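Here is the structure we will look at.
Chains: A, B, C, D, E and F, in written order; residue numbering restarts at 1 for each.
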Amino acid sequence: MSEQIKKFMYVNRRAPYGTIYAWESLEVVLIGAAFDQDVHLAFLDDGVYQLVKGQDTSGVDMKNFSPTYQALGDYDVTKLFVEKESLEERGLSIDDLMPLTYEDEDDDWAEKDSITVVSRAELADIMDEQDVLFSF
Amino acid sequence: MSEQIKKFMYVNRRAPYGTIYAWESLEVVLIGAAFDQDVHLAFLDDGVYQLVKGQDTSGVDMKNFSPTYQALGDYDVTKLFVEKESLEERGLSIDDLMPLTYEDEDDDWAEKDSITVVSRAELADIMDEQDVLFSF
Amino acid sequence: MKFAIQVNEGPYQHQATDSAYQFTKAALEAGHEIMRVFFYHDGVNNGTNLTTPPQDDRNIVNRWSELAKKHDLDLVVCVAAAQRRGIVDEGEMQRNGKSAENIADGFRISGLGQLIEAGIQSERLVVFGD
Amino acid sequence: MKFAIQVNEGPYQHQATDSAYQFTKAALEAGHEIMRVFFYHDGVNNGTNLTTPPQDDRNIVNRWSELAKKHDLDLVVCVAAAQRRGIVDEGEMQRNGKSAENIADGFRISGLGQLIEAGIQSERLVVFGD
Amino acid sequence: MATLHTVNKSPFEKSSLESCLAHAKDGSAVLLYEDGIYGAVKGTSIADKVTAMGGVKFYVLGPDLKARGISEDKLLDGVEVADYAKFVDLAATNDKVQAWV
Amino acid sequence: MATLHTVNKSPFEKSSLESCLAHAKDGSAVLLYEDGIYGAVKGTSIADKVTAMGGVKFYVLGPDLKARGISEDKLLDGVEVADYAKFVDLAATNDKVQAWV
């Protein structure tokens, strides 16, 4: 019996390091990548801080897990939606985020952006289309 | 060597039941009452919800600890400050709170109110006068 | 209908595990299936057998164990989260050289794949957290 | 100066215990006295000896134990909070009929009076929480 | 697809209700439970934001309401009181549940 | 008495910074650390509330800032970067510490 493909969304609304939710959420995404579902990641509210570039945890002696986001493309996790309004309220723009890319096997392995900046209304629509929403 | 009397304040900013902070904070107050310090309790932000009357936890199967506030007077914990603005923002008035009283031994055991409603500015002044602030 | 439940917080500190328990109980009473309760983050602390809560309060851990026994529930504690927080079964005890095990009756330690699987196989995933 | 520290959250889930550790270490390095670190609420979970964190991450429990050993720190776990969450020393194990103890090196279980005393005897109380 | 949104935090302490309301689509349901029930009360500084959501149906968990001493006559118009059985029912009859933890 | 206020939560997630600012008196110090450091950043929707506090001195914990990838040139004017030693020093030199947990 082949299993149906579901639309999975991992909803990230927390900042990194202050709590572990962001990091343990990412661990779920990595494990989940082996299951061949249609995976989406949403970054909204403080979740947008997870993708800020230049993270350096040497001074707090915690594990810097931000390089792991850059590995997502290799796991075929390529649909990352970042909410525009959440960025703006925090004085951030796409240039403050890590560039995350993947190689598109259907397009001669062209390198493409994994991150799509969407409006709040667009993100609400994308959430609405999901089958399962994981929250952490 | 007799110890100095310090001004202690227990700062309550959390709603009851959703988290245990309110209840375990009250446990500290009860134990602390044996130590003869000058004890103050502040209820501000969601902390004002701790004193709302008519709490009935039978439907959630949790311990209803609100009657314990009524015992505070017997422990000589009689200085409870409730922030007026916090009440108003939540659509509450003093009439929504449990009446908490104590018998004043310096005034022929007259029954007096333990709760004083103060403005935000007044509460800031009272906090400013404390020696030690416990936060939960 | 087939439900899966995710619990992100430990016993007593947050109401999340209380709400998850009441939801699970109500779902079973209504004739639904609970295919798995997955304990993640601090939720793994619901699986310790070392608590001694006050006698006039609910016993959160025992309550889960008893509900699992009665309805043959699958209570899964995430292994990675459990290692960070100190929830240990016999296998983990031996593997990691720990001095004791503390997993409560009716709970088992397993991998994150169990959460993904729950998302795939259940018809509804309901998450309880902070 | 004489400091007392209060920690309200457990290991890994919240940064509170990391910040408390860094503060304590910096205070000691500056020549201050840490008269007590009091673990309350989920903070008691810092006192379990059953964690096995990933090797490329800090070991929060061991770090406290080592700092305590080096500086003769008084790490106190609240007994009431510990009973709710399953942190047990030998006395608690016997008193409450538990199958194991799990208190980490350098931690001791005691009453809430130890927090009040810390508030009285220290010159500064610094609280780390959620 | 119809979504049941759940909010368990006080709108005065955390921004989860506000974020939920900013994303909930017409036709969806919002269940306020645990400390989230305070968002269903009349006369608060957040009430207008809730009542402005014309196309969304609000529920509040009765057992959590009672625990906190909030009587039903304090609820905003149109908010329906649910018990745990109704919570289960809402999760089943909507297509999915989104938890704004 | 001089107070060191500490705030460790994001002002976009929790109301603790706002409550702190509403109670901090002139002459007091506010240290933003852990996720609280986001309150010290320029160009955010909360920045005006911080800069309006003329009589309060703001500090932000450098190690937490670096961990989160926020460079110091993004900080509001007048915010001073502190390390853990400075945090200790602020706790010692003020008369008490109030944690807005």
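Simple rule for what comes next: a residue touches a chain if its C-beta (ideal position, glycine included) is under 8 Å from a C-beta of that chain, and two chains touch if they have at least 3 such contacts.
Note that the structure is a prediction, hence the values are computed from the model and not measured.
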item: If a chain touches chain B and chain F alike, it appears here; value: D, E
item: Chain separated most widely from chain A, comparing mean CA positions; value: B
item: A-E or B-C, whichever has more C-beta pairs in contact; value: A-E
item: Reference chain F; chain at largest CA-centroid distance; value: C
item: Fraction-based call for chain D against chain C, same above half, different below; value: same
item: Centre distance in Å when chain B and chain D are each reduced to the mean of their C-alpha atoms; value: 27
item: Chain centre separation in whole Å, for chain F relative to chain C (CA means); value: 38
item: Touching two or more other chains - residues of chain D; value: 8, 12-13, 15, 22, 41, 54, 80, 84, 125, 127, 129
item: In chain E, residues with contacts to at least two other chains; value: 8-9, 12-13, 15, 34-35, 63, 83, 96-97, 99, 101
item: For chain B, residues contacting two or more additional chains; value: 17-20, 45, 60, 62, 132-133, 135-136
item: Chains that touch, pairwise; value: A-C, A-D, A-E, A-F, B-C, B-D, B-E, B-F, C-D, C-E, D-F, E-F
item: Of all residues in chain D, those that touch chain A in their complex; value: 12-15, 18, 22, 54, 56-58
item: Complex contact set, residues of chain A against chain F; value: 14-19, 45-46, 49, 52-60, 62, 64, 66, 89-91, 96
item: Chain C residues within the chain D interface of the complex; value: 10-13, 41-42, 45, 48-54, 61, 80, 83-88, 92, 96, 98-102
item: Residue numbers on chain D that touch chain B, as the complex places them; value: 6, 8, 40-41, 80-81, 84, 111-113, 115-117, 119-121, 125, 127, 129
item: Interface residues, chain F side, partner chain A - complex; value: 8-10, 12-13, 34-35, 38, 41-45, 47, 62-64, 66-71, 74, 83
